[in-house]
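Consider the two complexes below, in which chain A is the common component and chain B and chain C are the respective partners.
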Partner chain A sequence: MIKKMNEKNTTSYELLFGPAHPGSGNFSVRLRVDGEQVTSARADPGYLHRGFEKLMEYRDRMQNSILSDRVCVFEALNWNLVHAEAVDELTGEEIPEKARYIRVLMAELSRIQSHLIWYGATSMGIGFDTGFKIAFGYRDYILDLFELVTGGRVYPAGYICPGGVRRDLPDSAKDKIIHVLGKTREMLRKCESFEKTTLRHRTKGVGILNRGDALRLGATGPIARASGISSDVRFDDPYEIYPELDFEIPTRDEGDAYARCIVGREEIQESIRIVEQVLERMPEKKLEPIKPKLANKIPEGEVYVRNEIARGEAGVYMKSVGEETPYRCKIRGPSLLHMVPVLEHLLKGSQIADVPAIYWSLNICPADMDR
Partner chain B sequence: MIKTILELIRNLFKKPMTVRFPHESIEIPEGFRGEHAYEIDKCVSCGLCFRVCPNRAIEMIEAPEKHRDKYPKTYPRIDLGKCCFCGFCEDICPTDAVKLTKNVYLSTFDSKSVIKEPIEK
Partner chain C sequence: MMWINIMLIPVVGFIAIVIGLLYAGIDRVLAARMQERVGPPLTQPFLDVFKLMIKENIIPEKSVKWLFNSMPIVCLASTIIILFYLPFGGFSPILGDHGDLILVLYLLIVPALTLVIAGFSSGSPYAVVGAQRKMIMMMSYEFPLAITVVSIAWLLTVSNVPDPFSLQAVTGNPVWGLVGPLGFLGLILQLLVLLFVMPGELGRIPFDVPEASQEIAGGILAEYSGRNLALFYLADAVKVVVFASVIIALFFPHGLGVSGWVGVLADSILFFIKLFLLMFLCSTFIRVAMSRFRITQVVYVYWIPSVLVSLTGLLLMLVDALL
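Up next is the complex of A and B:
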């Protein structure tokens, strides 16, 4: 925390929220404060830059799918999918039917666990530790599934790779997924019964983002949906097997931090519905594993692919000149617009005590913004 | 408020979600990507693992002097500190000389112990 006292006015000073704040992640916001009120805020990103876009120019398609895990730690499988789809579109490769189902299954499980982190982090930010422990505790059941299917708890190591998936689902996976879905429902029930004590009081009416501002500032995903904009790439520009599935897009009109929490929770319910449908329709045929190949060239061309990940709209622009490695790969993370213009807009005029609630309700991830 | 109290009472009679590590531990499933197991006798020194490694954690080195008669080629030395445990070396190995095991207990205070030599010196 930096304090700059103004000689004329001792109640106005500059406060640094992050990057060493326990609730900020690798990100910082400079707040101009007058008494308890924030008069202006300036986002200060760049603490987690790892240069993935440049690193991708030196690696082939399978090696890049490993890198795509790391774009956002909490949504590794979703980022795997965006990258794999970009390469698939360039190569024009036919993806086996079962691989498409597994891709959607894993992406939706990843969405659930990402929303659980969101819920947990928001709870922690406002001092509702019960919510934090419930969300992170139940998230571990989903990590157990990832461990079983991909071989790693957090990083799937490019499980969703160009051409399909690296290996088939194990035989015991279906029963375990059904068991975990039951556990997730149990968690949602617990959250609902606990949150009225703290979460609702601390987030209701806080950080209101109205529909016009959400559109103007480029909000996507659950943040836009909590402000009454019904937009979802899974509906607007469907990919994989989403057109065949029956699910709804939860929206709220309030636009406050509480509405964003509710949208997140309702999305978990919709994801559970999707996973159940996928499991029901999954083809029985055994899937051949995909192994890395050397000197596997990507055909010439350029492509932009967008997907709906838990935090919003994710995109990958890829240009290939016919070599093994892409000529250019641009990653569009949803957090950039949420962390800079939306956050600055919402923090202006708020109280210091509400800063963590607003900050975490935006479901932001410094990793996918800085890349 | 009543719902919250009911939930609290329900939790009193439930088993804890965690296990008492290190006395108990969660079973690690098949196919987990843990520490590498390398068998030098199966290795054909093709260098595919070295070429496919995305983090360049594998280096092909000659065997120590005393083993050079039996193992005259170059063999992979794996730096676990650089490794991201993707399992590409296991996937690409034509003779199954490199395999990833279930061992996850790799924390160490000795920086030299993270490097796995192909054959003991």
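Up next is the complex of A and C:
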């Protein structure tokens, strides 16, 4: 495994960070290392390619909504929503008022649990076991909610589907959601103290992505916001009921791993606010379960829909030629740009010890990159 | 008497392993409770070791095989050997007549050194990075450790205790009684430094940089499996007992002062309680509360703050002795 890069310089060798590595996901980075210093990094994606774009061309819209769960394991409901919106825009179907509220509710809950994973994974990357265990532990409360509402803990089986949502919220859901939000708030208070005591000395000044580089390399979502770019699709190009809601976009100017951690935590707080508003304003009327219209054709046309998911900007380009199945469905995941250009840029010149901190603070998901 | 001592050697080794593993189990349960988890059963480290013992022992092709295979044994053996020179429970050291504090200091380096050699001999870049880090760490924590030990020996010398480096002298004359208020403060600083060196010596978070699994995939132990890995686990468990015993011998050698068999038993129980408290403070608590240091930070905290604190402690003791 040791490759001498240069006969004169025998201390330089290649270190693989992934795919079989406890600190990486289904993804590999080839690091050229000189002692403890990383001289260059090359991202090596493609270990998780499952061919969703092609698979979707052979399935109708309801089947595709189930397929869209799998685009990213940790954000199944958000991807459900992007896909459903693309189809809705093509068909021009009227979405029931309550379904729009439930869509936002579930998407925001999904954002909270995704950010918890982010927080936990960053803690794990810097060897802070407690943060990792606590974040993943509290995430389970939200998974319990998903099980109650959708029937699946991780994969909701296309709960948010074209035409609304599959079925109404159960009666007990509202109380349980409020209970879980209380638990999450409790956890965030712990996270705040972790940041002050231990996260700070490992993430402050690590992996600094300045504003210019963030724009040039195509960073979106929380990564861009931690670098001082105030951009959020929920605000810039609102969808569903977001224009009616009152929330803020946390931004920071430092652009380092610590700033990204804090942006993640503050976004959880904003999401909690959104969920509370949605619960308050949600219509009382019972929602009819959706009937899958299998034989319906998608009208001809093409559309590009973008959403703000936890990791950044997610988009679906869909073209239909008037058949049941889409002619082409292109998925734009936020992780590809964070994972290849941004990661390579940040890793160059860093220490080996900072590689996992940088890698996980970018909140990347190999699944939505390889699709 | 010599024969009885030699007979006792395997017994002490066995007891040390059992206690080490038991403490590893308690450590895991306590850490889990602090992280709002249930945690594994107390017997989990025993089960882990049994499982590893029956697993296949894979030796990498590019390794230096004899070094790769012998280092785990040397590591465990050298760790257990230290125990023979330390008072263990209510018993005086088995080989106490044949070695002193300086020998113990040297022996403490051996397990770390075997880990370094193990890393270099396994022929994996992860292990090489880990071994380099371990070497740098050893160079960092040895100096404050040496200052502390030497200052205690010096304190015994000025207090006219004969043979100040022998462990009988150290344990026979608890250091707290030999100093005035300033020296007492100095001793507390020395104790703090020693408590801070302990997780580094044991390679626990925040000082587990040589093994950092998220960074270098297990580092030194990346290529180890099966029986060899089990031996390293055992050595790690015994190391906790050994290093805690060193701190107890230096700073808390107090017994209950009851004579006869009851006294030995009571002193043993007291010893295990002290051992448990030290382990909780230096291993469990610090591990749960902190994230891993960068190697540069490790070198910094040992060379600058720790050395300064221990030198201040030495200075205070010096002033106290002169007054």
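The criterion applied here is as follows: the second predicted complex is superposed on the first by the 362 of 371 C-alpha atoms of A that agree within 3 Å, B and C clash if a C-alpha of one lies under 4 Å from a C-alpha of the other, contacts with A are read in each partner's own complex, and residues count from 1 in each chain.
Just so we're on the same page, a residue touches a chain if its C-beta (ideal position, glycine included) is under 8 Å from a C-beta of that chain, and two chains touch if they have at least 3 such contacts.
Keep in mind it's a predicted model, so treat the numbers as computed, not measured.
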item: Which of chain B and chain C A:Gly137 touches, first, second, both or neither; value: both
item: Touched partner set for A:Val33, first chain B, second chain C, both or neither; value: second
item: Partner chain in contact with A:Glu147 - chain B first, chain C second, else both or neither; value: first
item: First, second, both or neither for A:Thr197, with chain B first and chain C second; value: both
item: Partner chain(s) touched by A:Arg59 [first = chain B, second = chain C, both, neither]; value: first
item: Touching partner for A:Pro170 - first (chain B), second (chain C), both, neither; value: first
item: Partner chain(s) touched by A:Gly127 [first = chain B, second = chain C, both, neither]; value: second
item: Chain B and chain C footprints on chain A, overlapping residues; value: 137, 197
item: Chain A-touching residues of chain B, taken from the complex the two chains share; value: 1, 3-4, 6-7, 17, 26, 28-33, 48, 51-52, 54, 84-88, 91-92, 100
item: For the chain C and chain A complex, residues of the former touching the latter; value: 31, 34-37, 62, 123-126, 128-129, 132-133, 205-206, 208-209, 212-218, 287-297
item: Complex interface listing, chain A residues touching chain B; value: 59, 62-63, 66-67, 137, 140, 144, 147-148, 151-152, 155, 157-158, 166-167, 170, 190, 192-194, 196-197, 289, 291-292, 294
item: List of chain A residues in touch with chain C within their complex; value: 1-2, 13-15, 21-23, 33, 35-36, 123-131, 133-134, 137, 197-199, 201-202, 351-356
